[in-house]
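In the part that follows, the structures are each spelled out as structure tokens.
Next, two complexes with chain A in common: one pairs it with chain B, the other with chain C.
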Partner chain A sequence: MVFRRRRLALASVAAAAATALVAGCASGPGGSSSGAGGDTLTLWTHNAGNSAELDVVKKIIKDFNDSQDKYTVELQSFPQTDYNNSVVAAASARKLPCLLDVDGPNVANWAWGGYLAPIDVSGSEVPVKDQLASTVGTYKDQLYSFGFYDVSLALFARGSVLNEHGIRIPTPGKPWTKGEFDAALAELRKSGKFAYPLEMGTGGSGEWWPYAYSPQLQSFGGDLIDRNGHKSASGTLDGKESVEWGNWFRSLVTKGYMAKKSGADPNKDFLAGKSAIQWDGSWNAAKNAQKLGDDLVILPPVDFGEGPKIGGASWQWAMSSTCSDKDGAQEWLRFSRRTKYFVDYAEATSTIPATDAAARQIADYRPGGKFEVLVQFAREYATVRPVTPAYPYISTEFQKAAQDILAGADPESALGQAAKNIDNNLKTNNNYAG
Partner chain B sequence: MTSLLKRLGGHAGRIVLALVFALPLVFMLVSSFKTDDQIFGDLGSPSAFLPVGALSLDNYTGMFERVPAAQFLLNSVLISSITVVLGIIVNSLAAFALSRMRWPGRKLVLTVIIATLIVPFETFALPLVWWVNQLPLLRVNGFHLEWTTGWMDTYQVQILPFVANAFSIFFFHQFFQSIPKELDEAAIMDGAGWFTIYRRIVVPLSGPAVATVAILTFLPAWNSYLWPLMVVQSEELRPVMVGISYFFQLNVGWGQIMAYASMITVPVLALFVAFQRSFVNSIASTGVKG
Partner chain C sequence: MTTKIAALERLCPVRRTRTTNARRRQSLTALGMATPAVVLLIVFLVVPVVLAFALAFTDARLISPTPARFVGLRNFTQLFEDPVFYKSLRNTAYFAAVVVPLQAGLALALALLVNAKVRGVNFFRTVYFLPVVTSMVVVSLLWTFLYRKDGLVNHVISTLTLGHVQGPDWLGDPATAMPAIILMSVWQGVGFHMVIWLAGLQTIPVELYEAAELDGATTWHRFRHVTWPGLRATRTFVLVTITIAAFSLFTQIRVMTQGGPLDSTTTVVYQAVRTGYDQQQTAYAATVSLVFFVLVLTVSLVQRFLTREKD
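Let's look at the complex of A and B:
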């Protein structure tokens, strides 16, 4: 009898545990809802852990939810490092939220893959035409996304260091030529005062590589792909100009100008004086200015022959194709397009506002402001990464080739292999037609 | 004299090895109390491993402000613990059936199970996402239960796919093989059924194997990163490892990363220390060195 009771008790505990596991666990926040049902619109952002930008998103959501009763936007934030994996997995399970942010270069791929739907934000306070071109995501002549800000690349240095070594301080009107830049690096190297004269963040990973280094390739006259139809990389990525870039890129390491793999925090190394010039994003401009004060000089990119170039396009907002309440999603998108939010984003994240109207409201970016030059770079030098669904693959191939080149691979064969792989990918996917 | 030198050499070798493994942990712990500037300033000198300079708990308070660390920790404890308990039960039962019971095809089944070890998780992660999204789910809606479809964004999607584990089955199988079969025969003579033999004879003799499987199941469950990123959208359900990527934003806070890493390493170290003896014993007795 005692044994029977114990068995019964054990069976009860097991049943209770099983029920708790299946039912109780499912009652967690979010459940299995896609977030797209009814009047609740779920919004995904890549800003988990980045409170500065996340707070702006929260503010817009709160303002929107308070402004009307029809829709409620709910926020779910993800860490940026693997945000794309989360989106791809959710898309495969048809569990995408109504609203999500997307990194600019991926818009074409996500639109082609059917993740995103075209949006109509006409009637917004800020017209799309007023934005920096790099902050608008289009595919096949349809608008899929827009961003509130862009970032800019620049060369950061100490004016005192350049003067001490007799190096001309370049201006947007007269940037450094390749010869001048190489000579400056040689001079700085000769001084022996720096572990490496140039810091380009070669310890970075992922999208940093094409974002940071493909503009230099383009300034040499090369490119990631033939932009005429985006049907082949051969002859372009492995063309004469691209190989010249590869040789130069490699020479930075062989001549001791740049580390093959930079430290964990390149900006800290620059500010600590371990390097003299840093090729870095505008997001560190405020920190640099705070640390170096008037000694900081923000320099235009080097003109390697085809003019100075920087990458364009940052994070943007979009609507999923599976959203069951597209009117509501677009209502939110329209609501968010107010100059005050463009200003909030730029102020909170030290990024470049996407419109001139917003830039005029921010002391650092308005004409005469200490970072006005960054707006100028974004407007004049930004080259959008190729608008093709193949871009994520191109990006990976370029990254591998560039890393191999720094590690000692022959630039011609490394870029040739990358071009061949890209062409094979295009062929396999029928040039991403459809 | 020669033997003394040998012993000294042996001790020196062990001390060097111990330092190689311990110093990164010491660095992590010590750095968690330093400012970012000091962490970088101390690099390249022994100070990096010493609690010197202006030490504070700022990184820990900053860490809790940046990440819902307590929630993540609780989730990981829950997910890992349930995975371990269910894993031990399910895999030991499977191994018992393969090792002690006689039925046609069991060798083939064991071979197939072992063969799955060579398939990396990344290759079937996306199909698995699709599959778990088709599974029925009993969920609480207000005051009643309802059936729905799809396990995305739940605790169980982080647990149940990892309960059955080929390596654990193989490990238990190897260990059970070392237990004399005569014990089964004697128990059968006394009228015991298979489940009684499993519960009363085999499991009580398999403490070291259970401890080892507990550790080897706990570690990947605790370290789980890619899978929760793919199947969990709500912050409230995320495990600790996902939290570490919260820190890799534009302005990386290295001190906070060290504080977070220290916090999530302690439970793993504690578990290993608790089961250390059994772990070593069972590895030695089964000849399996996963």
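Let's look at the complex of A and C:
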């Protein structure tokens, strides 16, 4: 009797535990649609804390909500560092919002993973074909996302400093060659006026590494992966040209041209005159112009052989695959595609507007404006990061290899290991088919 | 108590049922009280551990359109060919091998100091304990600045040596990165174990010291023959907790070095998190965790065996 009672008690403990578990899980696979209650559409953005951009999003939402009675869009903003994790967590719980923004290089991964649904924005004021190619996210020939702006990389310098050291000021028609660039750095180093002549933000972390340095790798003739089918990195990421890039990248540190790890605020160091040339994003162009005035020169990237290259694709808007009101979500996406919003975004965030029509309305970016050259870079030099679901993995491997090279690893073995890991990842994931 | 009841039962068999009823009620109450803890343990400990073990044999990914499939030992063969895994193991072992004796010893020394009956000792106790109640993330961030090439640590070195010695970039050099992290970790954790030692010290009866003093024992002899044997149980506890904490080194690495430079600070737990979240390889991370679990279990069992009651 005692024994039986005890067993009963034990069983009830187990049952209680099981119920708690089931209750915890039930909210997961139970519902198959989310993000819309009644006619309210939820929208997620990574912009919490970035009030300039957030205000534009709020403005579009308000205009949309006021323009019709059928749908109401509701904003939820996240800090950028937590945003991707929040999306992944929400997707596992099938609680994705209807509308969300996504960083350009992640579009393929999220589309493949079933987070995003293809969108149809035909009939909106701005046709997709008018946009800069890097601001449109496609996967398997379907449109998944679009952005209102892009950013560009450029070399920033003081014209007076270059002239003083007898260094030619390059133009988009005639960018620096590798030899010229190295000679310029040597000259600047010799002057002894700079802690480091070149500032490339090597203290940064995460996506900055592939964004900033893989275009240089591509200009050498290498790449992150063989883009033909995206099935192998061996022979490309550890090929002859890539290793050459690695050797050059390392030489910047050994020759004292660049800090192995730059300070907490590289742009501040450049503006304070600690470095002569900065490889940086267009988001600092306005600040540089304000501080340096006419002395600021915005230079095209160095041509290491295969022409100047910069990265492409910034944050873009997309619709989740579990959205229960896809018509409403696409209605919002179409509504937002107006030139005035493209202008608002670019002005608020000092970024490059995604269309020429918008660029013409912004003094700095219209033909003849002081940042027109950045639009030109984005149009002519932008290479999007490989459009493959494997990209997040490739990104981490490249980042580690590049950091190891700067720390003194042999470029051939560091890139070789990264290529091997990527190939192995592609193989175990069946090339991300399905 | 039990023998008394047993004797009573033998004397008066009639009263047996009532005793069993009472006992039954007692055990039910006990179970009822244990239930919340048991449920929480099952949900937050047993289930995740079982899940991790199961995931290690699948190809589960963080983001994936297809459900996980069983892949046998593929993750394990991949893991044992992974050069970073061996570096992680080596670094973890290195960290534990230095931190365990250093932190335990230093904590004991501090405990002996603050156990002294002098004025203002509470002030020192608080000071030594302060780093423990500060978040490790904050501590790591602060020390990252201290360790910079132009940071405070190098300024102090330069000033003390009148500018003759220029300190290295502590976290940027593979030779100094791990020692720098060890130093910081010991500084942060030593206060906690000081308190544990202190508790142990205060359980030793004062009479023993008085007797030893009367016998003319020196300070060293008093420590060797009174304090040290008296700390037996505390010793085991401190040893096991520091070892386990040292093996799970992660926060400092994540904030300060991200495993670099040249894998000189990557650890097993850091590798599990990096592969599991940053690289989306959930199953592979589960494999790392499983192997890690077995290793920690082995070490703990060995420690338990070595520190067992020999009589």
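Worth pointing out:
Please note the rule applied: the second predicted complex is superposed on the first by the 399 of 434 C-alpha atoms of A that agree within 3 Å, B and C clash if a C-alpha of one lies under 4 Å from a C-alpha of the other, contacts with A are read in each partner's own complex, and residues count from 1 in each chain.
By definition in this document, a residue touches a chain if its C-beta (ideal position, glycine included) is under 8 Å from a C-beta of that chain, and two chains touch if they have at least 3 such contacts.
Predicted model, so just to flag it, every value in this text is computed and none were measured.
By the touch criterion defined above, A:Gln403 lies against chain C but remains apart from chain B after alignment on the C-alpha atoms of chain A. Contacts of A:Gly113 after superposition: chain C is touched, whereas chain B is not reached. When both complexes are overlaid on chain A, the residue A:Thr428 reaches chain C alone and has no touch with chain B.
Look at A:Ala272: by the touch rule set out above, it reaches chain B but stays clear of chain C. Of the two partner chains placed by the overlay, only chain C lies in contact with A:Ser205; chain B stays clear of it.
Common to the chain B and chain C contact sets on chain A are residues 21, 24, 85, 88. Residues 20, 23-24, 27-28, 31-32, 34-35, 38-39, 42-43, 47, 59, 61-66, 74, 78, 83, 169, 172, 174, 258-263, 274, 277-281 of chain C touch chain A in their complex. Residue ranges of chain A in contact with chain C, taken from their complex: 1-2, 5-6, 9-10, 13, 16-17, 20-21, 24, 85, 88, 91, 109-110, 112-115, 205, 260-261, 392-393, 396, 400, 403-404, 407-409, 417, 424-425, 428-429, 434. Across the complex, chain A meets chain B through its residues 21-33, 35, 44, 47-51, 76-82, 85-86, 88-90, 92-95, 97, 264-265, 268, 272, 281, 283-284, 287, 349. Per the touch definition, chain B reaches chain A in the complex via residues 36-37, 40, 66-67, 82, 125-126, 129-130, 133, 137-140, 145, 148-156, 159, 225-226, 229-231, 233-237, 242, 245-252, 254.
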